[in-house]
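The two complexes that follow have chain A in common; it is paired with chain B in the first and with chain C in the second.
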Partner chain A sequence: MDDHIPSETSGETLDRSYFSDENQHDFKVVGQPSPRLDARGHVTGTTRYFEDNHFRGTLHIKVCRSKRHHAKLTRIDPAPAMNVPGVVRVLTAKDVPANWYTVLRLINVGPNDEPVLAEDSVRYLGEPICAVVAESEAAAIEGASRVQVDYEDLPVVLDVEEALKPDAQIVNPVHGKNYFEYEGHPFRRIRFGDVEKGFAEADHIFEHRYQSRPIEQAPVETTGCIVKPEGDGRLTIYSDTQACFFTLDNTALILDVPTAKLRVVGGTVGGGFGGKVDVMVEPLACIAAMLTNRPVKFVYDRAEEMQVSSPRAAERIYIKDGVMKDGRIVARKMTFYIDSGAYSRHTPYGVTKASAHVPGPYSIPNVWADCHCVYTNRTPSSAMRGFGVTIGDFALESQMDRIAKTLGLDPLIFRLKNAYRDGDTKAHRKKVEGAALIEVIQRAAELVGHDLPEEYRKMSSVKREAK
Partner chain B sequence: MAKHFGRGFAAVNYPTGMNLGGDPSQALVHATPTGVFSVVLSSVDLGQGIKTIAAQCAAEVLGLPVENVLVDTADTDTGPHCMGTFASRGTHRVGNAVIMAAREAREVMLEVAAEEMEVDAADLETDGTGFVKLKGSEEKKISIMDVALAAHFKQGRTISGRGMFMKPRNYPDPETGAMDPDSAQSHACTVVDVSVDDETGEVEVLKLQSVYELGRALNPAMVHQQITGGAWMGISHALYETTEPYYPDRSHGPVSFSDYLMPGPSDTPPVTSVVIERPVANGPFGGKGIGEMTANSPIPAIANAIFDACGARVEELPITPERVLRALDAARETAVEA
Partner chain C sequence: MASRIVTLLVNGTPQEVIVRPGTTLVSVLRDQLELTGTKRGCADGSCGACSVVVDGKAVRSCLIPAETVDEAEVTTVEGITPVGGLGPLQEALVEGFATQCGFCNSGMLMVATALIAENPDPSDADIMRAISGNVCRCTGYHPIIRAIRDAAAKMRGAQQIAAE
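Moving on, here comes the complex of A and B:
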């Protein structure tokens, strides 16, 4: 095992010289670079994933999807699909016992704002309208392309700030407005200190806008499941979900069956990055399996994974900072417009996570944040690695850099001056514990040969130096 | 036309877990008759390595080599509840649950051993190689296999344990946003070197160096792997990826990896990582977690390196060659006006 121990020469170092009074130990297994238990299986192609379950007589699902951003459905005619050889059944909204749902209802975040299959209208390009169940994937694809749908186009809202204008077209009738409401407020708020007073006192004001676009989780294994009806009347769901019970409970609610009827088998997944927590395939596959009493497979193709599976939300972020001549930030105001798309999924939660991250790892006495979760006519966004924080960090650390460059300050010294430390109070009023921002900056400076003056080399997250 | 070289920095923090509705995970541990320990979970391994971390936590507590621990994940008929794999919660929540379950099993294991050895259980310890031994003695010991056999076939006891970690629900204050959403904060500082071609707008990431603090590194090799993988994702977010290149317009959305750009082997630089440890009291052996954060700091560090190289400040992601060239034009105009 010794040859696996990371070393300075391989570019991987474990340095216990920082916080050495806190991190000594005599563990025997923990702290060792144990090889991954599943690595050999992964690299030799012998690990079993959900798709390695093969059942005789398995049916396949493909979904007929909206070709419009926002439209009334004046007619859905599945008959032409039924004429395709091999097509067994076409599921519509009427086949879904409890069609309206939202995944976070399990933790009391509502309301149900999304249909499993569209009823009288569609609100984004690619929204599922009906599901074609067939003997082969090819027949399901052909069937889905033959379903006749007539649309009556409605006005489209695609920009987050346009969506919040008073006369904007309403995207989602359940909300009745183009934003998620946080306990009576149109956005999640952070209010700490007096940000206007801070701006008035500041020597410099920096105000900038940052924008990201939707990003795909891009797992190697696409979202999918195989559902097998068992002899005892239960359904076994072989799934690549990131959360087995979350999928089980949400699926049972949509099917309107007791949870004991379902069993989820998973746990070994070919990448998730947040893309597999939305419960998109299991309910339809279960319904098809119950109606046909046959195993049913529903797997996204790559195009579905990229265009209709929830991406990382696009975010527009405005930051206004008040900064003193010596580099102390005295006020920071952030406005987030986070693009939820047509439905909520996990984005209201991500927006709260964004608010808790303001103002980054810095102690700023006056902080204000308005974090909007905005509905638009696009593919609903949802979880993705670091959502609520990743794009915020792009904005925050770009902002930190431009302040440092404008004021002629060393970029690391500027951050060290403002770094949070143990005992500080964050903008969301949680006390800072276990801080180590100063130390990672100090160690990074050492790593790249960036000279820091002694007073900054001596700084500590554990306690502030006497003034 | 020239290539410009620059260096950019970014420093970030990242929360362990994100609690809005109560955040529990459970673990069950039991011994087979021959002293192999099975850890049963419903947690999901996406490739991040939760199975390995669970095995290490159980082996450490039980005093066994990690090879003597099996991890069974993700069957809702047999595995106890886990919220799922997200929010950098796995190592922290599942690790804590496994430790609690393993401690309960260890207690029974030592009681069974004490009866076999005719000593007090309080005087026993494990040696980490699969033996229970009398403290201070090298001779008086019994193998964990013999303990398990005795439990099953002589003493009629089950060597097992139940573990649970839960962070209770916390409600944000609607007016001020006061809340307790996380269990810890990890930290990172990333330094990136780039070159920017001012004729093509092309950015090349030449070197990416990071320092991370994530509490205890339970498995340093896997920590470094996360840092390297996250660095690649960060580069990809910074320079290449989007499903909607003309956002807010939805046209030209990519539908395959041939039109959804991601960095290839020639676009990923050498990644250097240093890990420092500040163990956290509420974490498993002091671990905080590193699942998600490793993609974050590379993005602004690259944006800042581009500015350092050529004066182009790009405020939009991804930082395509077109955006670099437009930002260069804007910088030149500002310079002329000044």
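Moving on, here comes the complex of A and C:
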């Protein structure tokens, strides 16, 4: 880290030198700093996060989790947990009214492919098997460690390409194959122009492989909730979810109760970054609260947050580009293998985002993409800051730098030559609107003192220069 | 092992609490005294969200068994908030846009409070060292470091005026 932190530039106003014919309005809000509404609460410690609610007699949940990546459960015996002083109850799959769900069923993504609590199998390390409800957190932890589980190990699938081989062990029986099916296709497809023709015409072919690991959001406040049964028969759910309505609707479906029976109090999140959009703690806390008629708290400890909260998906990406001597990219073929882990959560949607982003912010006449959403015996992945796009961008921009370096081109000029403009048709057939890549590159070049030739300084996202 | 009574002076108020052996200071503050401004992030000393000032030193309250700080003076974020306003550090965080989710702010404030009490003119390196155990996942550290630097300068100015 550098030792000197620069002072903030004060009095920054809106830069009107770009798109000058578009923003002649007399802005009163845009470009003017205004204080954050929640800042005073944050700096005085009075902002109310879910865990700042205290209710007398609150019970605590800790979960007995799978110690295997993939196994049949031959025996689950909660009796030893019940012998721990303070343990009130142990929840198993039988206590969950509608045990199978998938978060995005709310927008017609299906089928339900994940159990709230494991039934006869576990498919990733840390998968919840049963939930111990106790008078204290310590008793719940002790109880969860005493549940007896017998496993019969099954072959483990940990690699996205291995998973798609014909003889691969099936991870998720609901799908019956190790990929999510998109309208009858084994992957999300983009077909635009004729890539093979493009490759044949190209002066150079560049083919590279890129790969990322899962990335944990690591919010400082871990995932959790407190559920309080009310006198009117409703449950109040104090939660740090990023998605109150996903939680409300999915919890109601899992509990098999009308949504009017539940009230979600949320919106204050101690860091989320996408890690708190799944519905992980509320259903079990609600069931425990219904069965005991007491407030119940279920909070991940740091180790759970790291091991079982959904990370950004790991991805493997192959890019093949056909490029002309002058730096025009004439064909781009991309193959994505995106690791959903054992269940869907938000990853089928992330894969669709990845496909729509191909071929990056560039106009390329011939584009082909196969985007696979793959099931493996790893922690289910889900949302995280631009998921589906960020790792693709890492791969794409690394590829752009490699090509520029090999062809001896200035990396900014190489991007400008291929930059998309307003009115261009993207590979997924949407018209580009509001492009600003060219102007951003021009300004960035200026800020770092990188001289661009006149023709590139004159380029515009709004119109193509006459040939 | 038996529970015992621990006496603390919390934000100037004498408090007596009954604690089981091993009960952490953060648990006493949050769960017993309901001073929920102090946050619990990791419960293992790695995030700094639970930082409070004990006898003038910033500590991670999730690592401190309450019985080991019997008769100590404890200051939390509630104790640095003046009636009807904000302290100079709090004001600097607000004005410098050094808050986002807010979860790390209490801990950052308490570490900075202890730092400035000991060293009224900290360098950026001093500030970085002081908050090196405090994790922020949103705003980034620069606005926080700037805010602490600005607040320290303001406090020195105020002291000088008071002295003159």
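We take it that the second predicted complex is superposed on the first by the 449 of 467 C-alpha atoms of A that agree within 3 Å, B and C clash if a C-alpha of one lies under 4 Å from a C-alpha of the other, contacts with A are read in each partner's own complex, and residues count from 1 in each chain.
Just so we're on the same page, a contact is a pair of C-beta atoms (placed from the backbone, for glycine too) under 8 Å apart; a residue touches a chain by one contact, two chains touch by 3 or more.
As the structure is a prediction and not an experimental result, all values here were calculated from the model.
Once the two structures are superposed, chain B and chain C can be ranked by residues of chain A touched, with B on top.
In the superposition on chain A, contact of A:29 is made with chain B only, not with chain C.
Judged by the touch definition given at the top, the superposed model places A:181 against neither chain B nor chain C.
Of the two partner chains, chain C is the only one that A:45 touches; chain B does not reach it. Touch criterion not met for A:422: it reaches neither chain B nor chain C. Of the two partner chains placed by superposition, A:194 touches none, neither chain B nor chain C. Once the two complexes are overlaid on the shared chain, A:222 sits against chain C while remaining clear of chain B.
Look at A:77: by the touch rule set out above, it reaches neither chain B nor chain C.
Touch criterion met: A:245 reaches chain B, while chain C stays clear of it.
When the shared chain is aligned, chain C comes close enough to touch A:54, but chain B does not. In the superposition on chain A, chain A positions 4-6, 33, 35-36, 38, 42, 218-219, 269-273, 302 are in contact with chain B in one complex as well as with chain C in the other.
Those residues of chain A whose C-beta lies close enough to touch chain C in the complex are 1, 3-8, 33, 35-36, 38-49, 51-52, 54, 217-222, 269-273, 301-302. For chain B in complex with chain A, the residues that touch the partner chain are 7-15, 18, 20-22, 41-47, 49, 51-52, 55-57, 59-60, 63, 65-66, 71, 73-77, 79, 81-86, 128, 169, 172, 174-182, 184-185, 187-191, 209-213, 215-222, 224, 233, 237-238, 241-245, 247-250, 253-257, 260, 262, 270-280, 285-286, 288, 291-293, 295-297, 299-301, 303-304, 307, 313, 315-318. Residue ranges on chain C touching chain A, taken from their complex, read 30-31, 34-44, 46-47, 49, 76-78, 81, 86, 89-90, 93-97, 99, 101-106, 109, 123-125, 128, 135-138, 142-143, 145-146, 149.
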